[in-house]
Amino acid sequence: MMTTREIAHLVNGRLHGDADRTLSDVAPLDECGPQEIAYVASEKQLPALRKVQPGAVLAHGDLLPQLPDPAQTPVITVDDPQAAFIEVMLRFRPLPQRATIGVSPNATVSPTAKFGPDCNVHPGAYVGDRVVLGARCEVGPGAVIGDGVILADDVTIHANVVLYHDVHVGPRTTIHAAAVIGADGFGYRLVDGRFLHIPHTGTVVIEEDVEIGAGTTIDRAMIGKTVIGAGTKLDNQVMIAHNCVLGKHNVFASQVGLAGSVTTGDYVQCGGQVGVADHAQIGAGAALGGKAGVSGVVPGGQRYAGQPARPEKDAVKSYIAMTKLPEMRIQLKTLASQVEKLQSQIDQLTRFPESRAA
Amino acid sequence: MMTTREIAHLVNGRLHGDADRTLSDVAPLDECGPQEIAYVASEKQLPALRKVQPGAVLAHGDLLPQLPDPAQTPVITVDDPQAAFIEVMLRFRPLPQRATIGVSPNATVSPTAKFGPDCNVHPGAYVGDRVVLGARCEVGPGAVIGDGVILADDVTIHANVVLYHDVHVGPRTTIHAAAVIGADGFGYRLVDGRFLHIPHTGTVVIEEDVEIGAGTTIDRAMIGKTVIGAGTKLDNQVMIAHNCVLGKHNVFASQVGLAGSVTTGDYVQCGGQVGVADHAQIGAGAALGGKAGVSGVVPGGQRYAGQPARPEKDAVKSYIAMTKLPEMRIQLKTLASQVEKLQSQIDQLTRFPESRAA
Amino acid sequence: MMTTREIAHLVNGRLHGDADRTLSDVAPLDECGPQEIAYVASEKQLPALRKVQPGAVLAHGDLLPQLPDPAQTPVITVDDPQAAFIEVMLRFRPLPQRATIGVSPNATVSPTAKFGPDCNVHPGAYVGDRVVLGARCEVGPGAVIGDGVILADDVTIHANVVLYHDVHVGPRTTIHAAAVIGADGFGYRLVDGRFLHIPHTGTVVIEEDVEIGAGTTIDRAMIGKTVIGAGTKLDNQVMIAHNCVLGKHNVFASQVGLAGSVTTGDYVQCGGQVGVADHAQIGAGAALGGKAGVSGVVPGGQRYAGQPARPEKDAVKSYIAMTKLPEMRIQLKTLASQVEKLQSQIDQLTRFPESRAA
């Protein structure tokens, strides 16, 4: 339980209305009841707000005139309501404390593995030879850490993740369940009608502060390194092929796929299901819309859409024109018959001037 | 072994031809031999039927005149040949009986977990603190059931599935291997050039009679619930992002991806690789064709196709027009030069009337 | 360490320049230093070569005149530089020898399972009843081999793979981490408003020399077999639905999805994120470009692109025309107004001949 006064104090906000209203939780705006506090992110949510009776509302000060009467529903205004809301949420719902369970006797751990302080290895996990873990690493149930893997400090490996041998993971990186890092790249040579696998003796390097979604796969390089740059976030079911080198602070939504040897600059964003052909070079700050298909050199700093992708503005124009296509076909036919008629009229005029009205 | 008479009796069908033909199994139509019974779903399969010599055929009565002579190949006619065929198949190939193995000593089970009657927890599985399982639940080898998860009666969790903490699973629901339910939603705030993860304190609720395919991922909500409605079926490698709320009896084919906060009505269908943008609202009974890309408000009760998706009929028209595009470009050029010629002819006429044939 | 002389001898190549240069490793061209050897695959890489100072270079003899002076940088020329480079790489970086660990006491193995010689079953793996393993099989940590599965000789099952019951895997086949083979097909009957699951009593047969990527899913057939033909290579996160029958030596890139009952001939290639509708028949040697959407009968021996897919040549033409669409719309408007003007000029001429310049 917190009062509106306590919440306003917590988030360093300005309180409008009852300071002693008690609240027991946060809630999504459309489910918010009189015991709960909601937040209004923008004007767009005002209609949804009118349908519920929240105990209190967090919002930006600019929205105050459009909110319900604070005498009925207390309002706390702040400059960054999302940040404030997260702070309140974590007060009502503290994140679970990390227990230090140590290395479970039900895990399989090589005697040559080395552990920093306060690591947890959960039951059913597997830690191979010469693995090195930094401080406070978490290896979830059923996770498999291959021989020679190096985890820096504060790495979290969720349940059933598989890291193949010799993968490097930077500090404060989180890898969600069932992700697979370091499988062989998909490279073959066609010899006498058979595809021969090209051995992949490279590895994968994941830098610091990276987050990798559930079921995502990142393949190892043939000789060098597949690299995921610092601060990059990959959603679930993303595919990063061998020898890709991603810049820093990239954000890829779910089901994005990069073929081999793609490079990206910093702050590249991909919407869901984007596909990138092998050896594409995507410039810093490029933003690829959902389902875009990309190849070649993609200059940074602008938005792209479509398959094959083009600058968003052009893609939108072509799309609009495409919806007009059936109509254009009719116009074209009409024009053709008009022109034919004109031609015959002119032929008439040219050949038989007397036919003209006089 | 069953005779045609026994089969006809089993499916309550009408037997044409030899009642004493003995059969040992069902078979796909194109591989069916004299010891086996096939079923013919529709006229389209008649050419395939002519290439084989099945021991007997199950079909709808309407097809009888088009089938081979029942004196040679006995025919059993029924109103619903697919249902009848499944019945016969399950007689020849009974599904494996569920053994009650109890909680394997090779599983890791928290002392605070509670089990209904006749649950199986297979070797290598992990069951966390405060987990509650209903009656007859199955937890496959290597499956990880996070703290506080609740499974209702008759839930089947296949091998290597991961349920993060506090996920709820309704009765008679099946989750196939390597699916991951309840990982953190993919939500970030960009602060000082870095993406900060938004804590996700919500959960996932899977209602009754749901089926979830292998490798499918469903993320937990930020504060509320990600919901999979009763009777909904998700194929393999489907992605459902945080805060999505799916209606009842949805059917999503493989590799469909929903971004955050999407809602669907009942009986929504998605073909393979459909992508849905965040906050889209898909009406009841909408059917999205394979690879469609959807955003915004999508009225129910009709079919959509394309990227961006449009009513199927319009999308098909535009597609056909698009295949004519190169031809249209040529027509356009031809017309332009015709018009130019006409213009010069008219200019001639207007300026030099004597040039006309007289 | 190897000298250029030793390397030239190893790959049966021709040495140009210093025979006693010592090298310690291979390296990617753009990271290659004076201790390392690079290979130049084609003229396209010459600019990259100019930026680095490799210890030596492997290349095709035809490139020799364009390479740096061999007096500075020794060059070894061969007919197949990629093959030679792999040979050198494996000398510098020998693949890890397969240890024979036998059946780990931390694995769960049914007493009815049968093992050929020199099999490894790693800790945390599960081997069900009546499983049969050939010689030299590898079952990775956390892998689950369902009842009745048959593995031929030299099969490698990586960590956390799940094989459902009765799946067959041919010799020399490799299945990467977290792949799932043999889950139920996605088939339902709509009865009284509910989708009833169709039991799948068929299986999956994977032939010899197949490679299956991480997170790939292959569903079992309803009654017959889902088949992956010999020599076929599937990348990560590929989806093969029930009753598909793939030919030999198919190569599918990542995130390809095949719906039910698709058949392919030999040497079919799919780029990333290709989608194939149910019952499609793809002819031998067909090559589907990335993101293509395919249905129906697809003649072999040619390239396809687009959604819906068409012969690549036509798809490219339509794509180019599509980028011209906005321009075409303008041309169409211009033409229409020109035609209108022409018409009025002609009307003028026809009605008022005196208006002509005389």
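Think of it as A, B and C in the order they're written, each chain with its own count starting at 1.
In the analysis below, a residue touches a chain if its C-beta (ideal position, glycine included) is under 8 Å from a C-beta of that chain, and two chains touch if they have at least 3 such contacts.
If you're wondering where the values come from, they're calculated on a predicted model, not measured in any experiment.
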Contact graph of the chains (line, ring, star, complete, other): complete
Same vs different contact residues, chain A with chain C, by half of numbers used: different
Separation of chain A from chain C, taking each centre as the mean of its C-alpha atoms, in whole Å: 24
Junction residues of chain C - those touching two or more other chains: 124, 142, 160, 178, 215, 237, 255, 273, 307, 322, 325, 328, 332, 335, 339, 342, 346, 349, 353
Chain C - residues contacting chain A, complex: 26-28, 31, 82-83, 86, 89-90, 93, 95-96, 104, 106, 122-124, 140-142, 158-160, 176-178, 209, 211, 213-215, 231, 233, 235-237, 249, 251, 253-255, 271-273, 290-291, 307, 319, 322-323, 325-326, 328-329, 332, 335-336, 339, 342-343, 346, 349-353
Chain C residues touching chain B - in the complex, by the definition given at the top: 108, 124, 126, 142, 144, 146-147, 160, 162, 164-165, 178, 180, 183-184, 186, 188-189, 193-195, 197-199, 201, 215, 217, 219, 221-224, 237, 239, 241, 243, 255, 257, 259, 273, 275, 277, 293, 307-308, 310, 314, 317-318, 320-322, 324-325, 328, 331-332, 335, 338-339, 342, 345-346, 349, 353, 356-358
